[in-house]
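Below are structures written as structure tokens.
Here come two complexes built around subunit A, the first alongside subunit B, the second alongside subunit C.
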Partner chain A sequence: MNRVQNTKMILWLIVGFAAAIGLNRFIFGLGATTNLTDKTPWGLWIGFDVMGGVALAAGGFVMTAIFYIIKREEFYPFVKPAVLTAFLGYMAVVFGLIFDLGLPWNIWHMIVFWNPSSPLFEVGWCVMLYSVVLLLEFSPVALEKHKRFAAAKNFLVKYRFLFVLLGIMLSTLHQSSLGSLFLIMQYKLHPLWYSEILPINFFLSAIALGLMMVSFESLASHWLYKRKAETNLLAKLGKIAVWVLLVYLIVKMVDIFLAGEASLIFNGSFESNLFITEMLISAIIPILLLGSRGIRNTNTGQWIASSLVVIGMVFNRLNVGGVTMLSVTGDSYVPSWMEVSISLGVVSSAILVFLFVIENFNVWNLRPVDPQAQPDTLPSFDYSSHAWLGVPNVASITKYSLAFIFAFSFGMAVIPAKQLHSKGILEIEVNRASGKEILFINGNRDDNLVSFPHEEHINRVGKENCNKCHHYVLPNYKSSNCWECHSSMYQRVDFFKHDWHSSASGANLKCFDCHMRGVTKNSSSAKQCTDCHPSYNFSEASGCGFEKYFTYSYADAMHNLCVTCHTEKSKELVDAKNLSLCSTCHKIEPPESIALNLNWQTTKSRFNNVVLPVTENIEED
Partner chain B sequence: MDQWLEFTRGPLFRLCFVIMILGLLRILILDFIGAVKLYRSVADKTIPWKLVLSRTLQWLFPIKKIGRSRPVYSVISILFHIGLLIVPIFLFAHVKLWESSVGTSWITLPFAAAYVLTLSTVAFGLLLFLGRVFNKSSSFISRKQDYIWPLLLLIPFLTGFICAHLNISPAFYSFTMLIHILTGNMIFVLIPFTKIAHCVLMPFSQIINTLAWKFPPDTDKAICKTLNKEGVPV
Partner chain C sequence: MSYAILTDVTKCIGCLKCVAACKETNHLKDDVPRVWQNTDGLSAENWTSIISKPDKHYIRKQCRHCLEPACASACPVGALHKTDSGAVIYDSEKCLGCRYCMMACPYGIPRYDWNKTVPYVKKCMLCYDKLKKGKQPACTDICHEGATIFGERNDLIKLALQRLKENPGKYITKVWGEHEVGGTSVLYLSDVDLGFLSYKTHLGNEPLPSTTEPAMESIPYAFLGMGGAMLGLNWIIKRRMKLNKTNGKNMEASHE
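This part shows the complex of A and B:
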């Protein structure tokens, strides 16, 4: 039993480490955790966790189809584990997706806000429905443990046929529609992988992978619990897989030849080598291995063939899901170690749940029993402390929880401090608006100016109402401009300027001129502005953050001012403009006379002026 | 030296602090799992909630118990615990560190109070240690960790005091600070695996005892009778 315990210990260590990194992802966001960029928004998590995970779970629908529809009853021992694997696989997909989604709490949106023309919508619904169907398919096994659930169990068994049919239908739909997703990426995907029959390719490969995943899972779990592998049955499964793989290979090759892309296979480029490798490990070698009766009937041959197909098909999903797009987009994406560890953590937790269910429910005809639980075995002692950790159940909780917390703490320790804090928003100084009667404001720094007819506004509002917009006047000024206080484009500004007040070249104040002695020095224990500057009229500007000595960013201040007033006034107008559209205001190309004098640094290539992990070279544009 | 300081109060601190928090949670949960398992197997399912609550409060705020036996020891022990808990949590410098890293802050100790409490904790800790060494009934039931703990706990207090209140050279400051952080981290790691775990186990000790230990009613009185210790404080 040591084999199981050691495996579980390693899995718990991985889960603990990944949990810490996952926490980091949710606190500090995708930018601090992943190497994803705007060019490569789908990385390892989509390619491996979602695309690979769904494909690996194909065993569920393949086995139920073989057992319940084709009535090959000799495969009964594979059905329950296959359904369980499929269910856990889907749970892992959903769980992994939560990490990848930027706004995971909006995952329910697809239930309410329908978009029937999107393949992702179909995939989302199918995954959701199929997970429920799988749960219903598997729950009789869980329900038979207690007699009080007998009625529910009988009901589920009675209508099992319906669930099986539904399950096969839903799987067929979305295994293929994961392929349809990439039909719209014709110009991003390499031609060797892009095909109009991608959905069919995906479906065929899912069937082959499903069969081989069932045998891989069976081999691995039998090895783990030191049981005799079901070699004969696996050989029969391998025989079916050969035919499916052959069909897959032929369909794929014929499609490539018909499209006239055959020359790409051997042109020696990175993609051609990738393609050859993928085809070798996912189809050709397994076909050769499983095709020979001698190898098919040996345990080793089954191990190698099933591992090759599993690795090869996941490799295929990774290639379609992103690897082959890199040469087109010119991006260099390598998953960060945090992405890898979260992926491993998701898989490990699924395996742990699988082992738990195997040990506690009747998934196999004979449940594996912990030898330590047998009355005639001697109690085993922990080799580090030489202490008896209690009966096996208690001992395992004691050990694995310790492993988890050590791994978790280690994860917290190795997160780089720099990555703990995202790079935040770029500091951009605001320049004075240009023009005279009409002011031009380069708000977004993208040369789409906002024209602000200043003169016209004066006439409309009246000369006595300047303070509607110029809500605060700096000392010794007649009127202050917006940019003088709101001096940062996207960040709040320290309006009080503490450093200026305390420096010798500024107001030259000592600490205790403003702060009281013996109390913690902060804004609430210091003097108020009006204590020293009684003539300043702060009341006009109340609610603007003056109490806390900051001004809003230039963008916020302008939007608040213009949009609020215009929304109010637009009620009176018949031809009110749509202010929710950015281009309603940000649209004017700078007039030549002004453009010559512009020395604004434009930040066109930056998205929203947030510094992305890989910033582009501005000079190129 | 600066790199060492950076490392010990960055990654190493995170490692040790998280081990402490999760380790304490773990033993608490394990305790409850064990207690509930035993509770399931007993026939007597009654739980005297009021009694458990009042006993828990009595142990948490042992004002009534001071006069019963060894009052001097009790008072010293309580004062030691007060300083031990309040100073590290509410020290201004510590709160500032939390504020700059996590972003939350809370009320802080005034300068003078921190000064007095730190020194008093050191003094009471030494007294407790000496008591354990020279009192025969104490040293009889003491293990190695019982002697080491009070001394280990005092190191961060002493070094922290030196750094905060004495005029020392920068090099000596860094060295003392390094020892301060290292011993602090060491204490964090050791807490869940040694007797200091009572900081979370203690509030639940009464309920866990009630769940896990089931005797026939009035067993305590019967035992006292057998031992001829009726009415004698135990």
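This part shows the complex of A and C:
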């Protein structure tokens, strides 16, 4: 196995794994696959696959502009691979978008229903048109394989200049409009990234990234296929990139200074560190590296600089696309491993198609084979050579299929069953603090913490009687509210909820699902609760106070404690009108370690906010 | 006729009847706490919620039905739009699920069916079906305290200003939503700061669609300008190359 086959094997493994996860996403929905929330509706798939993907594909329009418009003809070897990368990049964007869109089968709506005020509408149209243009730009390479397509090829070549021009114009629009998308999020995006010239920043960074992506792609293919590196050409490319990066850096910094936000850069917050890191990776270090002639002309220097720009600019897209909004929305989004694997799968499949095309079509006609390379490690696509090509082609296809199938089944195996069935239902984790003497629970569901001595209660009622509190419906991690059954203060009431069981929005049962036919329909002719709900505990031992289908009144169930408490506690100068809140009496503040771990937000002002000042009248009594 | 809702925070007793009425009218299912839910109580099955704040303050959260909605301007297929009646309504048939509306809303109102295979955006529609029949929304209809009332927007603003005038010191002297982000159709009178209802505590008066307008308007110019610039550049460079060539020939000729 040579380097190409190893790489392909790894890519196929990733694609196979991602295919299983992708299937999971379409069967069970976004909630079961992603960590997206209502606060963070755009995550890794938009930030990396779409915004990063479009930016990474900028090489196509940059290289065609340099070659066809500015006529720098020495860059010819880069043009075809750059157009191919761009085309596959856009295909990957659309492919990734299919996973991210909630209703991907409606993606064609963008063609029919128009909303010209939306930047996304504009981006959508440009991406569609530009993909077609890129296909037209690239297809001469594919058509030249067979002679019968010669007429079509000649036609496309004849009008290539027009396509190139149109491609550059469309790219200008949507590369910048991707920035316009975020103009409307004025209140969410951090001021260091939000700017009225966001479209210009995006456009400039796309040009720089396009140049460096071409150089990264060239270096990576040279490494992969052991071809001779185009070091001199890459150095020239680097020289152009330095100027673009400088313009980008200056525009960005001047904009920040003019907006008076310069102090935000060094205030030590999460965002300021993020910003400094981003600027260092994406612009400052590459400018220094590529700016020095000695480093620019070395292979290593080119590797480092182009990787830094590629990583840094994708990092920029991720930051704009959501990372810097987290502190405003108060969310803590980290992509799930499923999201990450699908993103990797999309990228891997694009690379596989890229490798397929360069192996089968004449993309690299000007790239010489490295004479230093060993003949037996030559890529298997080199049909003209009679040297031994390593493992035969058919065998490698078998291997790739096996890798795909293995990874696919592995992916299917590791999808957690809980993820599929829970549908994102949040377990209220009261038991997080179990074993401790006091639990801090969201007792009233009003986000006020209640200190609840759980151990003490266990000791009082006995370990076997959990169901005294954790009644009949809910599992042990939740305790049901008393009033759900004891819904009347003084009357015995039917707790069965006949209406709910028969209504379509409830249990949706038909009469004869429960009642027997031919007999008067009443409670004695119907099924028992436990016939359908075997886990319910209606025994006396449960202590809930059920009698057949009737509950005790609330007052009875509470052992007539209302009055006792209200009179007793009002003497103790506790806020009498808030006695219905558990936290009125139970007000031990949780230690910070616990408070920080709790899911709901707690601040001191919200915690036990019901304490009133001592009034003199009562004290005299 | 642009209708609106005025919610008086000082009058609300937090009985949640509006929430129940909303659920019934819109056939929303029981709500289960989900991992993707915001703590404000709104969800795909809960289009309005009551947020309790210290000292018995209950604030109803719902879609603000902005006069110039960011969500409607953002939607690439126009699935959301502001109707003449004041409601910002959602057309699920058009939606493609990009969730840009959720990103654009400064109040974080639209919610998503994350648990469904065919998910839609969910939010308050001001009971648009009822409005069309000349009825008022379920939430204002059921409120016995008069804490949340329905009416024409101008009338409600007048009423609110009147209340502010008659009860000096009772409220923060501001009709919340009168000017925010270009004005909203859901107005609030309050004695506590309602900044927490939006992502930034104090929103400007500029409507959010106007932030993208300059960029969108300059698109044709950028498009044609870039084309023109490229053609011009190409012409200059071609000419220069030609001149160089002829110059070179002339030079050669002169040398000869």
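Going forward, the second predicted complex is superposed on the first by the 395 of 621 C-alpha atoms of A that agree within 3 Å, B and C clash if a C-alpha of one lies under 4 Å from a C-alpha of the other, contacts with A are read in each partner's own complex, and residues count from 1 in each chain.
The rule is simple: contacts are C-beta pairs under 8 Å (C-beta built on N, C-alpha and C of every residue); 3 or more make two chains touch, one makes a residue touch a chain.
Only a predicted model underlies this, so the values are computations on that prediction, with no experimental measurement involved.
Visitor: Based on the superposition on subunit A, does the combination of subunit B and subunit C result in a clash or a fit?
Guide: Once both complexes are aligned on subunit A, subunit B and subunit C fit side by side.
Visitor: Just subunit B (first), just subunit C (second), both, or neither: which does A:I27 touch?
Guide: The answer is second: A:I27 touches subunit C but not subunit B.
Visitor: Applying the document's definition of touch, where does A:S177 land relative to subunit B and subunit C: first, second, both, or neither?
Guide: Only subunit C; A:S177 stays clear of subunit B.
Visitor: Just checking: does A:N106 make contact with subunit B only, subunit C only, both, or neither of them? Give me first, second, both or neither.
Guide: second
Visitor: Quick one: classify A:G518 as touching subunit B (first), subunit C (second), both or neither.
Guide: In the superposition, A:G518 contacts subunit B only.
Visitor: Using the superposition on chain A described above, determine whether A:S117 touches subunit B (first), subunit C (second), both, or neither.
Guide: A:S117 contacts subunit C only, not subunit B.
Visitor: Could you tell me if A:S341 is touching subunit B, subunit C, both of them or neither one (first, second, both, neither)?
Guide: Touch partners of A:S341: none, neither subunit B nor subunit C.
Visitor: Just checking: does A:T64 make contact with subunit B only, subunit C only, both, or neither of them? Give me first, second, both or neither.
Guide: In the superposition, A:T64 contacts neither subunit B nor subunit C.
Visitor: As a test of reading the superposition: which chain, subunit B or subunit C, is in touch with more residues of subunit A?
Guide: Answer, by number of touched residues of subunit A: C.
Visitor: After the superposition, what is the least C-alpha distance between subunit B and subunit C in whole angstrom?
Guide: Checking C-alpha atoms only, subunit B sits 15 Å from subunit C at its nearest point.
Visitor: Which subunit A residues contact subunit B in one complex and subunit C in the other?
Guide: none
Visitor: So in the complex, which bits of subunit A are touching subunit B?
Guide: 20, 394, 397-398, 401-402, 404-406, 408-410, 412-415, 417, 518, 520
Visitor: Quick one: in the complex, what on subunit A touches subunit C?
Guide: 26-32, 34, 36-39, 41-42, 65, 68-71, 100-104, 106-107, 109-110, 112-122, 124, 165, 168-170, 172-173, 176-177, 179-181, 183-188, 196, 199, 328-329, 423-426, 428, 446-447, 505, 600-601, 605-606, 609
Visitor: Under the touch definition given earlier, write down the residues of subunit B that touch subunit A in their complex.
Guide: 10-12, 14-16, 18-19, 22-23, 26, 29-30, 33-34, 37, 92, 108, 110-111
Visitor: Considering only the defined contacts, which subunit C positions touch subunit A in the complex?
Guide: Spelled out, the residues of subunit C in touch with subunit A are 27, 29, 32-39, 42-43, 52, 54-55, 70, 73-79, 94-100, 102-104, 106, 108, 111-120, 198-200, 203, 208-209, 211-216, 219, 222-224, 226-227, 230-231, 233-234, 237-238, 241.
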